[in-house]
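Once you scroll down, you'll see the structures, which are given as structure tokens.
Okay, so chain A shows up in both of these, paired with chain B first and chain C after.
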Partner chain A sequence: MKALSLTNIRKRFGPLEVLKGIDLSLDDGGFLVLLGPSGCGKSTLLSIIAGLEELTDGEVKIGDRVANDLHPKDRNIAMVFQSYALYPSMSVRRNLAFGLHMRRVDQATQAEAVERVADLLGIAHLLERRPAQLSGGQRQRVAMGRALVRDPELFLFDEPLSNLDAKLRVQMRSEIKKLHNRLKTTIVYVTHDQVEAMTLATSIAVMRDGEIQQNAAPSEIYDRPANLFVAGFVGSPQMNFLDGRIVAAGNGASLELGRDGGPENAAIPLPPEALAGIEASDGRPVVAGIRPEALYRQEGGAGGPGFDTKVDLVEITGADTIVSFTIAGQEATARLSADFKPSLGDDLTLAFDPGRLHLFDRETSNRLN
Partner chain B sequence: MASLKRSNRMKTVGAYAVAFFFLFFGLAPIVWLIITSLKPEHEIVNRTLTYYPHDPILTNYVDIWNQSSFPTLMMNSFITTTMTVVICVVIGTLAAYSFSQYRFPGKHALLIFYLVVRMFPAVLMIIPLFLILRAFGLLDSHLGLALAYTSFLMPLFIWMMKGFFDTVPVELEKAARIDGCTRVGALVRVIMPLVRNGLAATAIFVAIAAWNEYMFALMLTTSSGSRTWPVGLQLMIGEFQLPWGLLAAGGIISIIPVIILFALVQQTMVRGLTAGAVKG
Partner chain C sequence: MTDNATRAGLPTTRRFLPRPETWLGHISEHRHWAYFLIVPSILFIFVIILYPTANGIVLSFREMRLTRPDLGTDFVGLRQYADMLSDPVFWVALYNTVKWATAAVLLEFILGFAAALTLNRDLPGMKVIAVLILLPWFLPNVVAGNIWALMLDPRLGVLNDIFVRLGFLSEGMAWLADPDTALWTAVVIEAWHGYPFFALLFLAALKGIPKDHYKAAAVDGAGAIQSFWHITLPAMKMVIAAAVILRVIGLVNSPELLLILTGGGPGNTTQVLSLYAFQTAYLRFDFGYAGALSVVMFIILMAFCILYLRFLRIRD
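Presenting the complex of A and B:
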């Protein structure tokens, strides 16, 4: 059964169309991450699922009920906000129990549920405090507790970790992951942090300007991005984009890198499997995408397709060495092993696995291979 | 060093002198009012000025309470003030909340309009208000006067309360709605406790303004059924007599409720006016 189905969701604020026909669905126990840059409509979509915003058009189905006209409290959902939105005038205990209290759950059951969640999240010793007396991480836990306590069908998280410092964020991230594994909850999670998205999600929907660019499993988003936007948004350091053309050569083809009319060109012969699915129209303008970590150093002899270049800049991070170089007049980076410590200007031969080459149409920016 | 110390002391003395000067300016009339209210008639209207009553009496208080319509005037003032405060609190709170927390078309224009309304001198509004109230048959009634008061007190209330609501994060209402509240329920259960002090402060400003108002009351009430104490007191000044003692006693009685109210909520009010952001 689908825990959530969205059909053609549209939302307008006056003349501004914020959501332009969103279709999404999520299986029971799934973890859907909405990923996208600021202002693309992630929070608005979440508010529509929660019933906090009216939708202009479309259908929201939670479980097997159409929820379009349901009050937020009747949707059997819980939400965790970026600012936590704990009730400042109430104790932590009261904060946790408030939703149950409003649903007229009896006192004993309330107390039991609060204890259970407080133990689960390790906040039992904080129950009598006010939110103002808690640290950021503790508030975050209380906010999660308030969602967990009602045992809803669907959890909505709106950038719950973005107010935490880097270390705590990593820690809470893995706790959320563990909770999800343990409780088998269904979660829709908004973030603009791609690492959060990659590590938490069972499925990622990348959004841009109110439209979904790609909705797939994290590995698919990473290995087969549907267009240039997705390819550029996910992954750090960012994927290299190199303008070029596909040129037929013998019974195969080669990728000729270089801007149109540019002085320098570099032709890289490609095996047929790299071009699977591309009609061999000679001279087709493409953008070649290669992730920095897909490049490796070729020291003589055979390997994948490759090219010669020079080292422009070296950044040593400790875990690896990031080398910037220029190919066919375009800048790119490679992520190489940490034991490689080149000097500026050194000659360098790089190669890549043709299976990790992404080709995008230069006009539509959609994936070709 | 010594000269620095001396100049510091001079500054302190100077500051106190200025403070006392203004304190005297503010307090002297009230002190004089109290003294006058305790003097018998012959001591007030006398060629030699007495600074304190030789034989203080309470007859002025007894007389104005028992032998004039003063209790009715007080009651009218009380009813009108209460109505004004209730209207402002109910409607003004809702308005201030939506101005603060929601986005809607025309919001900015409306807010500015409300500020501009405040800038007109009250005299300008009296004639149109008079005509409007007459059209609705509300002239010379408690409700009519209270509505007239809201015309200039509501903007004050809304602007002050908006300031307090602005410190409340927008997501609180959303969280409360998901937890099962309606919008109004969220306002009452979750938001209002956070702006309680501000509400007390604002409501008291409105109450004091309504309680002491003179000009609207003079123009919009005509009978003892709705006349308020400032007007009633003024009307006691007859053509041939000027009952200073009674007027002073009336003045003192009428500020007693204000003082009591102040004493009760003083702490809350100061906290409300100096409050920073609500801690989440």
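Presenting the complex of A and C:
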């Protein structure tokens, strides 16, 4: 049984269509991340699942119940808000118990559930405080506790970590992951942070302009992005996009980099496996995508296909050295090992594993190989 | 020393007498600068509030009747206050003041809250309606009083005419001249005039409640009434407290509306303390007794504020 199924969800605000037919489903115990830039409709979609926003068309099914016309309180969901939305006039204890209180759960069970969640999240010493007396991280925990206390069918998280500082965000991220592993809850999680999405999700739905661009496991999103948008959105530094053409050469093919009519084209011979699934029609315009971390320095002759270039810029992060260079008149970056410390203008020979080359159609921007 | 310096061409005077802008700059850096800035306001407050208040209190312990100069203006101790205890009009006025303020605040509160809740909905035209609702508040008491007095006139009044045509009344009624209806009619007029005050403050407070709190409550299982009780009311507690206090003070202290509508009549049925004090001072010219009445009003209002805040458990 699916914990959540969305069928052809549409949402219109006046003439503006913000969701254009979303189909998604999530297995019991799954962790679905809705990932996308601001304004892509991901929070609207979450509100529709929660019942806080009416849908224009489509069907929301939670468990085996059609939830379209159910009030949020009847959907058996819990939600964590970006603003935490803790009730300022109530103590932490009352905040946690509020959902149970509204459902007329008896006092003893309420107290027991609150204690259990408070212990789980390490907030037992904060129970008598008001939200205003808590730090950002503590408020975040209380907000999570308020969701956990009721043991609902579905948890909804709306950018829960974006109000925390960088260090705390990383810490809470791993706590959410641990909680999910431990409690096996079903979660829909909205974020614009690709690292959060990659680390937490069992399944990522990348959204743009009210449409799902790709819905797949994190590794699939990273290794086989469905189009240029997904390829560019996931990964940091961003994937290099290089305009070029596929040119037949002998019994194989080569990738001729360079903009049409550009002066300094570079041809890179490609083995057949890099072209799997592509008709090697002569001269097909493509965008070649290579992640900065897929590039490595070629010393000697052996290795994958490669090219010569010069170092334009060096950024040392400590963990790696990010080198910017130009190839066929187009800027690109490579993430190289930290012990490599070149100077500006140094000659550099870079190579890549042909299996990690992504080819996209220049017209449709969809994946080719 | 100076001679030597002058001979050497050094600008000696400058060092000891800085230019005015530098001097001002120095002072404004000083930590007492803030006190200089509030001196004008303090002076104003002293001249137009503190001095008259103190003088009024002193007055209440003296004889001061402009119609009886022969009595002099000596101190009479607590005699004015003792007279008050045996003055039946004082007790009627005190009772009416409580009725008047309670009923008017209650009615204005309910109307204002309902208006604010309505205006807080995201419906087309609400901004225009918000301005229209505020209009009564813009009218001076005197104008509002006269308009209503005219509308309620037994022979000429449009309201009486409507009531007669609708069959509620057989003939025009003198609402403000009937001891049974005068005070309550005045209360309705006051509520019409004063409820925008509550509507405006409550609307501002409602706008300040984050929408997420309602969403969280909805997910937590709260319906409309429970959301109102657990989210809206607690968030508005401070504003409600402040609005009620301000309005009670306003109602107890301002005699204008009743002065215009009824002048305290018929037969003192609409006599309130503020009006009684006003009439004692400016119709009977007994400033000593009027001062004593004002002091009693002041004490009653103070007591009300303290008890009310205690009741709401607001300390800060």
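By definition in this document, the second predicted complex is superposed on the first by the 369 of 369 C-alpha atoms of A that agree within 3 Å, B and C clash if a C-alpha of one lies under 4 Å from a C-alpha of the other, contacts with A are read in each partner's own complex, and residues count from 1 in each chain.
To be clear about the criterion, a contact is a pair of C-beta atoms (placed from the backbone, for glycine too) under 8 Å apart; a residue touches a chain by one contact, two chains touch by 3 or more.
These numbers come from a predicted model, not from an experiment.
Chemist: Putting chain B and chain C onto chain A via the overlay, clash or fit?
Modeler: Because the two structures are overlaid on the shared chain, the partners are seen to clash.
Chemist: Touch check for A:G14: first (chain B), second (chain C), both, or neither?
Modeler: In the superposition, A:G14 contacts chain B only.
Chemist: Now for A:V314: first (chain B), second (chain C), both, or neither, which partner does it touch?
Modeler: neither
Chemist: Is A:A132 touching the first partner chain B, the second partner chain C, both, or neither of them?
Modeler: Only chain B; A:A132 stays clear of chain C.
Chemist: In the overlaid three-chain picture, which partner chain does A:Y87 touch, first (chain B) or second (chain C), both, or neither?
Modeler: Once the two structures are laid over each other on A, A:Y87 reaches both partners.
Chemist: Where on chain A do the contacts from chain B and from chain C line up?
Modeler: Shared contact residues on chain A (touching chain B in one complex, chain C in the other): 47, 50, 52, 71-73, 77-79, 81-83, 85-89, 98-99, 102-103, 146.
Chemist: Taking the complex as given, what residues does chain A use to touch chain C?
Modeler: On the chain A side, the touching residues are 47, 50-52, 71-73, 77-79, 81-83, 85-90, 98-99, 102-103, 146.
Chemist: Taking the complex as given, what residues does chain A use to touch chain B?
Modeler: That would be residues 13-14, 47, 50, 52, 71-73, 77-79, 81-89, 98-99, 102-103, 131-132, 139, 146 of chain A.
Chemist: Per the contact definition, I'd like the list of chain C residues that touch chain A in the complex.
Modeler: 210, 212-213, 215-223, 226, 230-231, 234-235, 237
Chemist: If you look only at chain B, which of its residues touch chain A in the complex?
Modeler: Residue positions touching the partner: 103, 105, 169, 171-172, 174-182, 190, 193-194, 278-280.
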